[in-house]
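Listed below are the structures to be examined.
Both complexes shown next keep chain A, but they swap its partner, so chain B is in the first and chain C is in the second.
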Partner chain A sequence: MTSTPALFLDHESLVPLIEELSKTLEVVAPVYAEGEPVFATWKGEALALDADNPLNSPVEFFLPQKEVLFKYVQYSGRYTFSEEPPKSRLILGMRPCDLQAIKVLDEIFGTELSDHPYTSKRKSTIIVAMNCTSPGKGCFCASMGSGPAAKEGYDLLLTDVGSGYLVESGSPAGMFVLRANSRHFEEASPEHLKEKERRLALAEEEIVKRRLALTPEQIREAIDETDWEEVERRCLRCGGCSLVCPVCHCFSVMDRGVPDGERLRCRDTCTLAGFSRMTSGANPRASLGERLRHWYLDKFVYIPEKTGMLGCVGCGRCSRVCLSDVDRWSILREAIE
Partner chain B sequence: MSKESLKMEMGLHSSTLAHKGTDKKVCRYVPLQAEVIDIDVESSNTYLISLRPLDEEDETVRIDYSPGQFLMVSVFGLGECPISIASSPTRDPLQICVREAGKITQGIMASRVGDVMGIRGPFGNGFPVEKMKGRNVVITGGGSGFATLRSLINYIADNREKFRDVTVAYGARTPQDLYFTSEYGSWQATGIEVGITVDMMDASWKGNVGLVTSLLADLNPSPGTAALCGPPMMINAVAKDLVNRGFLKPEIYISLERHMKCGVGKCEHCTMGPYHVCTEGPIFSYDVVGDLL
Partner chain C sequence: MEKIHTTCVYCGCGCGLYLHVEDGQVVGASPSPAHPVARGRLCVKGWLAHDFVHHPDRLKTPQIKRGERQVRASWEDALSLTAERLNEIKEESGPDALAVLTSAKGTNEENYLLMKLARAALKTNNVDHVARLCHAPSVAGLGASLGSGAMTNSIKSLLSADAILVTGSNTTEQHPLVAAHILEAQSRGATLIVADPRKTQIAQLADIHLEPCLGSDVAWTNGILNLIIERGLADEDFIRDRTEGFSVLRESILKYTPEVVERISGISPEDLEKAAVAFGEAPRAAVVYAMGTTQHSNGTDNVLALANLILATGNVGREGTGICPLRGHQNVQGACDMGALPTVYSGYQKVEDPGAREKMATAWVTDLPSTPGLTAVEMMEAAEVGRIRGIYISGENPMMSYPDRDQVKRALESLEFLAVAEIFPTETTALADVVFPVASFAEKDGTFTSTERRVQRVRQAVTPPGEARSEWEVAADLMKRLGIEADYTSPKEVMAEIARLTPPYGGISYQRLGISGLHWPCPDPDHPGTDILHRESFPIGRAKFFPVEHLELEVDPEYPFLLTTGRSLFHFHTGTMTRRVHLLDREIPRPAVDINPEDAAALGVRRGQRVLVESREHSLEIEVDVTGVVPKGTVFIPFHFNEAPANLLTVQNLDPKSKIPDFKRTSVRIRRAD
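Here is the complex of A and B:
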């Protein structure tokens, strides 16, 4: 990790800075849509940096809900293919939980055979992360070891220290952004650094105190103890939990158009009935209970075996969207209580 | 800041990806085109299709593969699905054996000589042929699972001296559903014992009727290595039977079928417990997948 002296950015200077950056990059930031914070392309609207972490994870900009893998055009019996180059982007306000999710996905999508549509977007994106000094009500990053302080994986890191943001650089690209826009920044004082530590310690304490923390070991135990048939009766099968999970990355591929058209990739989820069903009708995970159990096993057993990292980052989005009367984590808590 | 200087700097940012180098293999999802050069009818609903993979100049491309691997085959407009390679790497051309099952296989079977389809791959691990060399080999299959085994059988037939006793036990629903009937003689000519059975006979059938397991009882192969592919019920029955005959579980290799979308271990459709069937399979040894079948 590159270390440079920390800088300080006034709250008032943030918007002029991203205005500057948006001249050369697509800037993605938390903004309000019908009162809810969401990650979206910034077009000058009010930023939602103080609100809860947006419900859509920023992973959407690396693995979109729907994307064109390539276009095919037929000419006298042969095809030509074209792919769109990735946009140069900057994502502002990514929290440590999502940063950790991207680290897991980098391992899954970035290793052989690496997934070009993901890695190309990843490599053309600058990440300006934001330490979580006011954690949301449902999140539990501290239990999963992913927050509230970002450790790595960012190009720039902001921490709200009250009067403005403490700005740290984590890469040459981050340093370049700082240097190219130096007029917006001033040098950080020792008080700013101290305030950062104080606020993060408070945030961590708050998360740990408020959450009934389950360790990954307890969760693995709970997966075995859970009555999945009973959970099956409560689940409404909407797939929303996977849709918002920053680590979930199941996808489906389909074509649209004859003779010319495009091959699309859409997000999918292993909790839906048709996910592993074969054309013959045989379905290796036919019951919802089995599929839900697989969802948890993947996050707490299989992904850790493959990547050395947990497949859950504690962002709490799955519980926020669950339409049923249970949140996903209370299922596990009940199992071992 | 200028776009150019920013692009230069982008290559240097802190993502874990930036440290991994750029020389490793990349999956872009864009297929190669392959021209249909021959179509053989294997049964009423199964075609053996010979392909000539093409580069951008329409020249033939060689695909290196091993028996047991598969291709992701596209019909543009319908989509892509996994199809096992039915030819042996020892012989040209590249062939896939396709049974009509869904819309993509219907699309593949609607192709005519001269048409192109998309192919990606080969994917998967393939049969561990090096471990099978110098050993007895029993190859047992049922139904369309026999396509991938034909790749192995022809590979063995072309390297016959490297293998000891080789036995093929193959079952189909009816005599009309048997694949590759014109090749059994050539396998036998290399000293491979070939046993065929059907579930339901017709007036013309003079061979065995019954399950593959009873065929194995007749053939009574000596223990060694085994390659299996077929319906799950058959796989379970045959694998248990082979264990009773003294075969070791780690030497019974089973080729599995799963729903797949990517072929490269990303989409998660083919997961079976902790395994991705597309990258860690489709061939698994019985000791690994016995409990998951």
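Here is the complex of A and C:
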């Protein structure tokens, strides 16, 4: 979807560029916090673009773990409400898997009844994605069709081609950023484009070779074959698999504070019994095994039915955080192989 | 958004995590991949560690009791009133009419200053904290046998064990990250032996599950050791070179034959044999235990029996071996290290030792009391009879966590002056004359020391709510008002003083802690820290065997059930924090007593019905949960809930050696409540 010719950005020019951008926007980028890459507001610290994709996905800038929907104040029996406007942000270094997750979320939150807190943040954010030329150990985006190359959904897209970044724009907003900062860019050469293709083909090959994941069809088959009671026996109930997943998006809403206070929305997880327990105490997914099965079904059956896209983008985070050290995908593989 | 690396506030695993901060609010938490214990993972409480921080119930202004009501007050008034009243009581009745209870939730710096407040400013050694209620037997037992009451090895060391015996620990729920390490070791081939009367998750995952009846730990542990020695699996070189007292021990355990053990504990000779062989044959074996071992009226004996087991098999001082008392609170280890105990200064330097006293007195430029103080439960008794008249409590909720809640209430009510520093209103702040609003873990700097002796940074992410201040500031301010110099400008400065006066912390400074912290002992600034203790020798030279005997407990036919108490995965301690975390509260919103299906059928109760659980003195109405997790004859109540405070029923049966109360075994009867 490249609508302007690709440009080239020196490695050294990246920081001056984002310095420029951060004058008008909050720039969010992977930075090192005590030595580990995390997505946070960039304040001039060293960028962690070469490190693995941070454990916590930048999706939290659209769907925070906890957000104030509005504040309420009661004054002689009447309530007044106040809402914070979304921040103008630029997220640098979002990987193709997370980009695809946002595409799924756009479909879920943005269509039919549009979810204002989500869509307003989406609209006020510029995404500068970055293709993965050296994929992390647990990544299997290639099997889920979401990476290692981003196809669409970005405003700008960077690919590290060794000597610098190849920069492509994917939206009018992206083009505007390029034009407004043209002095930082050069024209890209055909070699740069070739190098991009070469690097991404290598990355894809590497991911496919690892055979971390099954195909979506195999997964659906495996869901029926898996011994969910055994998975339940081992699961340590941390909820991490779903709390860390960039596609998981369930939340609960609560009011905190009487008479004045805040209406909060917090990330929720279907791995907890309380999520599906009904008022009577009955629970349609009473056992943990059933809940974990549901989690896979949602990703590979229900979300695809709703959105036409898979509910898993292959970022590998659920396996990274699993407290019971169950590789989420080998459980399924064992079931059918 | 900023991400601040800090240490989890809940359990002793001490996981590193990031707090996500936006516009001065903590809006999320995520695991730290580089942290050596967390390794990018957390338990459900850790994932939700941010949620209580800005809860509207947070205490925001100091309160002073006027008549029956607590009313808002200025810091100046609250502090000067506290200093004045404490001083008055001291003048009238002597310093030992005062006491300080510190908190295992506070930082090391806070615990240090609070113990200094008690000793230097109030001139009493009446200072204690919640460890009394969990691991005093470890300090007493392991202190006597090995010379140190702390976990001998690191959590990571468990990964290289060939056999792990877990006893009295519901590890997957109480110390999830330790459990993750144990299970990883098992999947690498280690044999997992779990002794627990309940069918907890880790018991169900065990290779060998022993189901001893409550109160039979000494018998089966002795029984296992007896078999190990009989089979020639003891480590004779180790026994000869590094221990003493083996022959007496050998004699004493001969009578614990498999048949005798079966009669006492219900464990079959086959299972006992399997466990003994697995443990005895393992080149590297480790013991992991928690409150199920210590919270008994013979808790110290239980610990000594386990220490005998690892000593006789030579499982000390090497990677993959050791004895691991799991500490409940995230900083209960640190609170002990800091001398928040009636008998010792920081670094376990005895108050009775004139040399140690002299050293502290010189550093603090004052004179210090020499007689050891009272323990937490003794303080309550003393308060009830008027021997203690004023208490300063920093971050504890004895009304919920101490045994025999009625007595605690009477004790606190009979005080002439009670000041409590807390983050949320509790059953205890309700009784206070002065309430100080204080900072939570997200709002202050400092250090916590995890169960594996890892000293780690706590980093301030946001400012405290309202007028709340850090406990270290309150302690320093009170000290100044009581005439002791305390011009600290930051916790870092306090740590510098701690390092100067506390040999095992001698090399600890904020600059060095980074993401992974340091294991004490770390005596000097170049020392790399000590992940495994007793490699070459024991602090007491040779380790000692202590023969211990099974204690026959009488069963009262009137009260045929044994009540045991504990915690659940989703709540922490008295629930002050977790019950304010929406998802955790929703998961287990109500207290329930776990009853075995056979017992439930015999009593004619179903899940969800209400029963009366009655001990000799008290009774409690509570909902029933029917579950095979508890064996027949045993019932379980978690102690997080003030609507059904389990510790209303527990009796103050103290272990004579460590003074820990018996939370794990109370005789009760049960009937339907209708």
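Convention: the second predicted complex is superposed on the first by the 333 of 337 C-alpha atoms of A that agree within 3 Å, B and C clash if a C-alpha of one lies under 4 Å from a C-alpha of the other, contacts with A are read in each partner's own complex, and residues count from 1 in each chain.
Please note the rule applied: a residue touches a chain if its C-beta (ideal position, glycine included) is under 8 Å from a C-beta of that chain, and two chains touch if they have at least 3 such contacts.
Computed from a predicted model, the values in this text were never measured in an experiment.
Three-chain overlay on chain A, with chain B and chain C fitting side by side and no clash. Among chain B and chain C, the chain that touches a larger number of residues in chain A is B. In the overlay built on the shared chain, the residue A:P16 is in contact with neither chain B nor chain C.
Touch criterion met: A:M254 reaches chain B and chain C at once. Of the two partner chains placed around the shared chain by superposition, chain B is the only one that A:E305 touches, whereas chain C remains out of contact. Once the two complexes are overlaid on the shared chain, A:D268 sits against chain B and chain C alike.
When the two structures are aligned on the shared chain, A:Q65 is found in touch with chain C, with no touch to chain B. In the superposition on chain A, A:K123 makes contact with chain B only, not with chain C. By the touch criterion defined above, A:L236 reaches chain C but does not reach chain B. Vertex at chain A: the C-alpha centres of chain B and chain C lie 80° apart in angle, rounded to steps of 10. In the superposed model, A:K103 makes contact with chain B only, not with chain C.
Once you line the two complexes up on chain A, you'll see the smallest CA to CA distance from chain B to chain C is 10 Å.
Applying the stated touch rule to the two superposed structures, the overlap between the chain B and chain C interfaces on chain A comprises residues 252, 254, 257-258, 261, 268.
On the side of chain B, the complex with chain A involves touching residues 1-3, 5-7, 9-18, 20, 24-31, 33, 54, 58, 74, 76-81, 101-102, 105, 114-116, 118, 232, 257-259, 261-262, 264-274. Chain A contributes residues 28, 33-36, 38-41, 55-56, 60-61, 64-68, 233-234, 236-240, 243-244, 252, 254, 256-258, 261, 266, 268-269, 272-274, 281, 320-325 to its touches with chain C in the complex.
Residues 1-5, 18, 20, 22, 25, 27-34, 40-44, 46-47, 50-51, 55-56, 172, 176-177, 179-180, 183-184, 187, 201, 204-205, 514-515, 569, 582-583, 586-587, 589, 608 of chain C touch chain A in their complex.
Chain contact summary for the complex, chain A toward chain B: residues 1-2, 24-25, 69-70, 72, 74, 77-79, 81, 83, 88, 102-103, 106-117, 119, 122-124, 126-127, 152-155, 170-174, 176-177, 180-181, 249-255, 257-259, 261, 263, 265, 268, 270, 275-280, 282, 284, 294, 297-298, 301-302, 305-306.
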